[in-house]
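Residue numbering begins at 1 within each chain, and the chains themselves are lettered A, B, C and D in the order written.
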Amino acid sequence: MTIRTVVWNEFIHERENPVVKEIYPDGIHGTIAKFLSAGRDFEVSTATLDEPEHGLPQARLDATDVLVWWGHKAHGQVSDEVADRVVTRVHEGMGLIVLHSGHFAKVFKRLMGTPCSLRWREAGERERLWAVNRSHAIVQGVSPAIELPNAEMYGEPFLVPEPMETVFISWFEGGEEIRSGLTYQRGAGKIFYFRPGHETYPIYHNADIQTVIRNAVRWAYNPVAAWKDVAAAPNVPADKAPEKLEVKGARLHKAGEAGYR
Amino acid sequence: MTIRTVVWNEFIHERENPVVKEIYPDGIHGTIAKFLSAGRDFEVSTATLDEPEHGLPQARLDATDVLVWWGHKAHGQVSDEVADRVVTRVHEGMGLIVLHSGHFAKVFKRLMGTPCSLRWREAGERERLWAVNRSHAIVQGVSPAIELPNAEMYGEPFLVPEPMETVFISWFEGGEEIRSGLTYQRGAGKIFYFRPGHETYPIYHNADIQTVIRNAVRWAYNPVAAWKDVAAAPNVPADKAPEKLEVKGARLHKAGEAGYR
Amino acid sequence: MTIRTVVWNEFIHERENPVVKEIYPDGIHGTIAKFLSAGRDFEVSTATLDEPEHGLPQARLDATDVLVWWGHKAHGQVSDEVADRVVTRVHEGMGLIVLHSGHFAKVFKRLMGTPCSLRWREAGERERLWAVNRSHAIVQGVSPAIELPNAEMYGEPFLVPEPMETVFISWFEGGEEIRSGLTYQRGAGKIFYFRPGHETYPIYHNADIQTVIRNAVRWAYNPVAAWKDVAAAPNVPADKAPEKLEVKGARLHKAGEAGYR
Amino acid sequence: MTIRTVVWNEFIHERENPVVKEIYPDGIHGTIAKFLSAGRDFEVSTATLDEPEHGLPQARLDATDVLVWWGHKAHGQVSDEVADRVVTRVHEGMGLIVLHSGHFAKVFKRLMGTPCSLRWREAGERERLWAVNRSHAIVQGVSPAIELPNAEMYGEPFLVPEPMETVFISWFEGGEEIRSGLTYQRGAGKIFYFRPGHETYPIYHNADIQTVIRNAVRWAYNPVAAWKDVAAAPNVPADKAPEKLEVKGARLHKAGEAGYR
């Protein structure tokens, strides 16, 4: 089996900011795509904000198993249409890995239904990510604690729904902590939020971080065929009811009429 | 303490459909407001779609502890602005009770982040709601199973996130079942989805259903002051870090600059 | 990869009761082992109550990836020692599939921490299991609703913790319903409770039920090496702390002393 | 309403260890009972390990709304009978607050069904507890982060089930973190695990910690009458089924016979 993976990036800081450009000369998406491509089970491509439809036309999303999302400065430039398209594909079964500042991405906020807000500080401080369940598929191949010498701090409260699983919690040198690896199921789709990734530090060059993202893509992959009518609300007429049924009382809808939505 | 409760209704079927009009001459909101008003701890008022800002201007929502929502035919006529305002108030701590066809209301879909779809049939069949936890605050004062002689069927799959608590599951004469009482926490707000309520049957005149809604409003009430900046992502500068911190590495933001969103 | 699967059965009714004997001449474990063996990725064996250590000595459990559990009449005859051994192996990462009347098995009650009680009736009535998430790995290959012409009724309240995922809910002809497919994570182990299986009906000869159990064993399989010290509470001495630490204040334990438990 | 609260303590270190004795001359239970008694809605008493039945005979537990549990050195001395009695009362609706080293108490481990293990260090380091939901009833009246100058470190992985709500996460000076305030529902009972409390530091004299425990007792209080038969599995005979039912097929049980357990 091959996991058709698309790495999406707004791709702005890497072009505008010399520090970020030096760390990610091919863009963050380029770096992530490269290390994912090393896994034989991945078929990886990239997409960016400035492409038509942000590189995510319907046909391409339909052929995507897992989408990796990186955005920071330009969340507002992602069109509502493309954001909704991504959300719908997650409901149908596409996996979604949301990285770092993607906590404020339209796609993530719409899937969570919460503000997704948090506290932050850019001081290059030390971060340590502790695995909560050492036998979870996402943490295999990394040590019990992943240490990042320089990271942007994100602190609780992190306004997301209680997750299906808390996979990582981060400790910060400056005194804060945050839940930094969280899984969710939304419709047929699996979602993993993974905190690390500030663009002024070489986070995605870290071998442990790469391993986690690779594991997460595999975890989020749902081999089942897309649930295309996941949002439909079909009528089950009385004569098609599983049990024999005698219709009683008044009705709002005529036979065969679609429901309201 | 007094729970300031607003009962919202799109209020269309009760004016257009003679059957519904006869059951709810004062509108569904009128009936719900009336039985809630019998509880001394409630201060109840109503709001409808056709009022300016759908009867939900910011100042009124700010003075609302729990909002009860009934909509069916006109979900699309609720403005995005008012829907977002309600969602934000839930995040700040306002309770929300979503009834029946409100599963497709903008406010509910945005808070859930899922399609909220289900199967349905209008055949006046029997429904029986079973309490999953008989000691839950929401099921007090009703029998282990609430029986409705005539109901619209809603069937699984019901595309909502796994709830905080499954409170009721419904059995239908025609052979289906559905999770029909579900609790959620989103930000500071508590949400209860309660399935019964099809407008061609006198569901909200049923004493058990009234008891559940009354219990649910009390359950959803959060006496804590509104969390007004729940969506803010404040910067914690290095010199305000809980621990003494020496700034290292490159930064994206200048001191005092706001974060992206 | 091969999933080393052990099917455990108390194996009493099939020897004592002629009706059950006719349906399961090789025992329920025999039937389950047989259809599992058809999957190339399974290496299946069986164990029964009357074997030494109930067929589950430590070495065998250590070499078991997923355990399928069927018990009904003799829960009390399972020794506490073996029950605890199974529980510990689940914590270490062994998958566990608990079938039908196993809701009252020692191993299940100890893993849930709740009474696991429910209502029941033996009337050969119709059961219909509805899938809550049609894209879940466990429901692949079966229709949206599995229909069993004759089943024992189990009804809510079912006293288990809120699950990680509600996979199936059952409808019964007599008017009750119950959550009938539930997933849990306990330590490194995945657990699936699956309701159908009353021994006086040929439930485990049903192709859909067989498919679900086969899927469930695959779902519960954790390929990660056993977490052998999952219950240990190791001391991290101050000089081994991730951050440099100056010891302050009084201590209860001397250096190197084990913690209490 | 009055919350009948019992504070249980093994009461050993305060008698054997001079440091602990000086901090808690009346025992940890004495200190906790004293500050709880300041709340008008509490009726507080204490119980200790060395009393007959550890001070928890059935009649007393039956008259207890919320039990606060502190144990450390003598978990093994708590009789299985009393531990099971407490567990059953929680299932029936009694609230339970488990403090600090109580993570290894029989009552907690049996309710969780997991090892409840963690990492630890006794170095008097700084701990900071961050509230995850600032509007939660349990965190009212305390600052966003509670700072303890000296604490025993507990670190993840903390082997408990995913909670209903993560209320606090702790940061430690030495580089670890842990989920330190967790809520659970088990049967009709609410459980709150609260980490702070090492006996060589004056943790329970801290005003914020006292506020949290007071809030937690109120949160865990279930005013509903005890669910006495929560563990019963009553038969619903065919002629008492909610729907008219014709008995089919073979049966294991004779009419009126009790189920197996």
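Everything that follows uses one rule, which is that a residue touches a chain if its C-beta (ideal position, glycine included) is under 8 Å from a C-beta of that chain, and two chains touch if they have at least 3 such contacts.
Here is each chain with its UniProt name: A, B, C, D = ThuA domain-containing protein.
As the structure is a prediction and not an experimental result, all values here were calculated from the model.
Colleague: For subunit C superposed on subunit D via Cα atoms, how large is the rotation, as a multiple of 5°?
Modeller: 180
Colleague: With touch defined as above, tell me whether subunit B and subunit D contact each other through largely the same residue numbers, more than half shared, or through different ones.
Modeller: Answer same: the two copies use largely identical residue numbers here.
Colleague: Thinking of A-B, which of B-D, A-D or C-D forms a repeat of its interface, with over half the contact pairs identical?
Modeller: Equivalent contacts to A-B are found in C-D.
Colleague: If you average the CA atoms of subunit C and of subunit D, how many Å lie between those two points?
Modeller: Using C-alpha averages as centres, the distance is 27 Å.
Colleague: Quick check: how many Å separate the C-alpha centres of subunit A and subunit C?
Modeller: It comes to 31 Å between the two C-alpha centres.
Colleague: At what distance in angstrom does the C-alpha mean of subunit C lie from that of subunit B?
Modeller: 36
Colleague: Out of subunit A, which residues touch more than one other chain, so two or more?
Modeller: Residues 128, 133-134, 145, 155, 162, 164-165, 173, 175-176, 185, 187, 242-243.
Colleague: Across the complex, what residues on subunit B touch subunit C?
Modeller: For this pair, the touching residues of subunit B are 128, 130-134, 144-145, 155-158, 162-166, 169-172, 175-179.
Colleague: What part of subunit B is in contact with subunit D in the complex they form?
Modeller: 93, 128, 133-135, 137, 140, 145, 147, 164-165, 173, 185, 187-188, 222, 224, 227, 242-243
Colleague: Across the complex, what residues on subunit A touch subunit B?
Modeller: Against subunit B, the touching part of subunit A is residues 13, 17, 19-20, 72-76, 87, 91, 101, 104, 110-115, 117-125, 150, 153, 155, 159, 161-162, 164, 173-176, 184-187, 198-201, 230-238, 241-243, 245, 247-253, 259-261.
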